[in-house]
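When the chains are written out, they are named A, B and C in that same order, and each has its own residue count from 1.
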Amino acid sequence: MNDVAAVEVHRLVKDFKGPFRGKKVRAVDEVSLRIAPGEVYGLIGPNGSGKSTTMKAVLGLVRPTSGNCTIFGRDSLKVDSRNDVGFLPENPYFYKHLTAAETVKFYGKLCGMRGRELRNRAEEMLELVGLQDARDRRLRGFSKGMLQRIGLAQALVQDPRLVILDEPTAGVDPAGSRQIRDLILNLKSRGITVFLCSHLLEQVQEICDRVGIMHEGALVNEGRLDDLISMHDRTEIVLENASEELLDQIRTLVEVTHDVNLVSEGNPRTTLESLFLKETANKRVRKSQKRLSK
Amino acid sequence: MSNPYKTSFFSPRRVIIIASSTVTQLVRMKVFYFLAPVALLFVGLQFFDNLFYQGPETMVPEQQLRMHKNLCLGTMMFFTSLFAIVFTALIIPSDIEDRTLYTILCKPVPRLDYLAGKLLGVLSVLFIAMLVMDLLLVITLHYRAATVSADLGRYLTAMNFSEIEVARGQAEVARHGPTLLLQYGVLAHFGKACVLAAVALLISTFSTSTLFTIASGFMIWIIGSFQSVARDGIFNAAEYGEAPGLADRILGTLISLIFPDFQLFEAIADASARAQEILLDDMLKLGGLTLLYVGIYTVLSWFVFSDKEF
Amino acid sequence: MSFKTLRNLIVVACGITGTGYLRMPVEQQLTGELRERKAIPPPIPLETWGQMGQTSLAGVLGGLRSVMASTLSLAAQKSFEEKEWYDLKKQYEIITALDPYNSFYWDHGGWHLAYNAASWARTNDELSPIRRQFLEREFLEAGDAFYHKGLTLLPKNANLWSEVGRLWSNPHKRPDLARAAEAYKMAAKYGNSFYKRSYLYILARIPGREIEALDIAAQMLIENRRHLSTPTFRCLLFCLSTNPDLPENALKVKLGEVFVDKEQAYKDLYNYRPRVQNEGYYGGELDKVLKSLIEELKVPDHLNPFVPGSKPRIYDHNWRREVDQPKILRPKTFPGLPGQE
C-alpha cells in the first residue's frame, strides 16, 4: 500500500465572517481525516455541518484559517494537486452553450489533454456515463440526471486518482442513482479513490469503506463502516441446527464438536441511520448540559 | 493512470482554451446580431448627403467623407466600448453564480490563466466585431470616395484646371478615403476597448454585483475621457490662466494617476478621420500604453481573485 | 472591513498609482507631440464647457467629439432658420471647440455671421438705420474674427483664407481690397490655381499693384496655358501688358497671342469694359484697342460701347451674325487649344 494518503486533512479550521458586527462563524473546527488510496470515503452530516466547506478546502476553493489539506502529498492550495482530482459539484452547472462532447473535451483540454487522446477519452467517458447518443446536444436541454452524468464524465476525463463527489445522487431518480452507485463501485474496483458527501445514508452504507460524520463543524465520529455500525455489547453466533442450550457451551465445545459449523462470530448490526441520529442527539445533549451548568 | 505533467504558472494554451470557450459562449448568445443595424447605418450613410453639401464647387468635397468616417468610427467606438464593459462584467459573475467556475478551478487551472482566458475571449469577440465593422466602413467609404473623386474630377476639368491640379484634387479626396491612416483610428478604438475590458475585469473581481461593475465601468470611461484635462491642469497650468490651488493639484494628480487617459485613443481616432498625419511611432507608444494598462489591470485582478473563496 | 479586503485595496491602489507615475509622463509627452502636429485638438476652453448642453457634454465625455460636432452643426441649422444669430454664434463656438481642425465648421460659422447675420441686420426694417449699420458691422467683424480664429489653428487652409478674401472683396459689404489681397495671397500660397486666379483679380483692382498682377498672370500662364480659356484672365493679361509703366523685362502679350481671333478679342474686351468701370479692374489701353477693333471689324453701333444705348454684353462668339435677341449661354470650345478641334 502506498504510504502517501490520497487525502489528508490535518486540524482544519475554517472561519467565515458573520453577517452581523463581523462576528466570525466557525464552519470547520479542527477536522482531521485521512483517506487512503483506493478507498471510498463518505463524509456525512446534517446541513450546515461543514462537509462542503471541508470538501472545498480539500479542493483549494477556500483557504483554511489554520491547518492544511493535501492531495497525494501535495498542498491542496497549489494548482499541481488538482492534476489528480476529478470533482463533481452538487447541482452541477456547465456551460449551457456547449454540447456534451464539447464539455468533456473542454475539461480534458484544461487538464492538458489534446488530439486523438482527448477525442478517444471523451468518447469513452460519454459511453461510460451512457450519453453517447446525446453527444451533440447542448447542455441547455439536459435533465438533472443527464447533467450529473456529464459531470461525472468531466470529472473522470483526465483519469484522476481521486474523485470527489458532492451529493452525486441528489435529485436523481432511483434508476439514475443506481447507475451512479455502480459507477462508483466500478471506480473503486479500478483502484480510484472516491471521496463523497451525501445525505442518502443508505447509499453511503452500500458503497463506502470508511465514513466520517460531521456535526457543527467537527468530525464527531470516523472509521471503517463495519466498525462504526457494529454493536459491540452484543455477540452474534450463527449456527446451523443449534439450540438455545448450546450457547454457553459453544465456545468450548465448538472445537471438539465435529458436526456443528461455526459460520460467523460477531456483533449484531444496527443501521447507519440509527447511529447517525444517536451521535447527533448526543452532541446536542452534551451542549445543552454545558449551557445549563454555566 | 494519472496525468504526470506539472502545471506551469502560466500556460498560453490553457488561456486560449478558456478564451475560445468564452468566444463560443458569446457567439452562441448571438451578440453579433447588433452588427445588423450597424451595417444598415453604414450602408445608409451612403445615401445621406451632407446637409450642407452643395456639390464639388464648395471646394471641400472631402467633408462628406469626414462625416461618413466620423459617424462610422463613432459607432464603432461606442459599441466596442459598451460591449467591452458589459461582456466582461457578465462573464465572471455568471460563472460564479452557475458554479461553472468550481469545475474549472478544480482542474489544474491557475486563476491567472482563467482570468486571462476570459479577458482574451471578450477581446477576441470585440476584435471580430471591429473587423466586420471596419470591413463595412472600408467598402462603403471606398464607394463614397470614388463617387466624390469622380464628381470633383469632372468639376475641375470643366473649370479648366490643369491635369496636375485635377490629379492633386483627386489625390486629396483619396487621402480622406480608406487608407492605412484610417486603420490607425480603428486600432485606437480597439485599444480603448481593451483597456475598458481590463478595467471591468478588475472591478468584477471584487464587485458583488454585475450592475455595479457596469456602472463603475461607465464612470471610468467618462472620467478617462477628461483625465487629460486634469493632467493638463498640473503640467500645463499656464494654459488655464492661473496656477491651480493645492486641493486642485491633489485632485488633478489623483485623477491623472488613477484613471486611464482615453483622450489619447479618441484623439488619434479623430485625427485619422481628418486624415491628419499619425506616425507609426505614435501608434507604437499607444500600443505600449494599452499593453501596460491591460497588463497591470489583469495582474491586479489576479491578485484580488487569487484569494477569492467560492 | 476585513484585513484581507484592506490589503487588497492597498495593493490595487498602489499598483494603479505606481503605474500611473510611470505612464503619466509618457502620456503627457505623447499628447504634447500630437498637439504640436495638430493631431490632437487644444483643450476645450473652460467657458465652452459651461456652454455645452447635457447631450454635448455626454458626447464629449464619452469620446464622441467629432460626432457631437456633426450633430450640433445640424442643430445649428434651426438657429439659422429662426435667425437666432447669437445662439448660432455660441453653437458654432462649441462646434469648433469640439472639432477645431475641421475647416468646414469655421467656414460655415463665419459664413453665417458675415453673410447671413450681416444681411439680416442690414435689411431688418424693425431696427433703426443706425442700429442696422452697427449690427451689420458687428456681424461682419464677428465673421472675420471667426475665420481668423480658424486660421490660427489651420494656417495653411486655402479655403478659409479665400473666404476672408471673398468677404473683404464683396462689393455689397464693406470692401477692403488691400485686406482681401493679403488673404488671397495666403490662399494662393497654399491652394491651387483657382486661388491664384482670385488673387490676380484682386490685385488687378488695386491701383499701383498692376505690375505685381501681371507677374502673377505670367506665372499662371507658364504653369498652365488653359487659363487662357477664361475670358477675364485673357482680358486682364492683355490689359495688364498694355501698362505703359511696365519694366523692360516684363511680359508683353499681343492680341493674337491671347485671343483666338479679333472677333473673340472684341467680344471679350467689350464685356470686360464694364468691369473696369464698375469694379475697378485695370483697363490700360483698353479703350484704344477697342476703338481700333471697331474700325477694323466695322462693328455696328449697337455693339459699340462708345455709342449710347449699345448692348450691355455680347454673348455669342459669332456676334457678327448676332440677332437682337440675346443667345442662351452654353459651354464653348476653344479652337486652337489642344483637343478642342
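Going forward, a residue touches a chain if its C-beta (ideal position, glycine included) is under 8 Å from a C-beta of that chain, and two chains touch if they have at least 3 such contacts.
The structure displayed is predicted, hence computed values, not measured ones.
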| item | value |
| --- | --- |
| Pair of chains whose C-beta contact count is the highest in the structure | B-C |
| Central chain (by mean CA position) | B |
| Per Cα centroids, the chain farthest from subunit C | A |
| Approximate Å spacing (C-alpha centroids) for the pair subunit B, subunit C | 38 |
| Subunit A-subunit B separation of Cα centroids, rounded to whole Å | 50 |
| For subunit A paired with subunit C, centre-to-centre distance based on mean C-alpha positions, whole Å | 88 |
| Of all residues in subunit B, the ones touching two or more other chains | 307 |
| Parts of subunit C lying in touch with subunit B, wherever the complex brings them together | 4, 8, 11-12, 15-17, 19-24, 26-28, 30-31, 33-34, 37-41, 43-44, 46, 60-67, 69-70, 73-74, 77, 99, 101-104, 107-108, 159, 162, 192-194, 223-224, 226-227, 229-230, 331 |
| Residue numbers on subunit A that touch subunit B, as the complex places them | 56, 59-63, 79-80, 82-87, 89, 91-95, 97-98, 102, 106-107, 109-113, 151, 154, 158-161, 164 |
| Contact set on subunit B toward subunit C in their complex | 51-52, 59-60, 63, 66-67, 70-71, 73-74, 77-78, 81, 158-162, 164-165, 168-169, 192, 202, 206, 221-222, 225-226, 228-229, 231-232, 235, 239-240, 256-258, 261-268, 270-271, 273-274, 276-278, 282, 285-286, 288-289, 292-293, 296, 299-300, 303-304, 307 |
| Interface residues, subunit B side, partner subunit A - complex | 1-7, 14, 17-18, 21, 24-25, 28-29, 98-100, 102-110, 307, 309-310 |
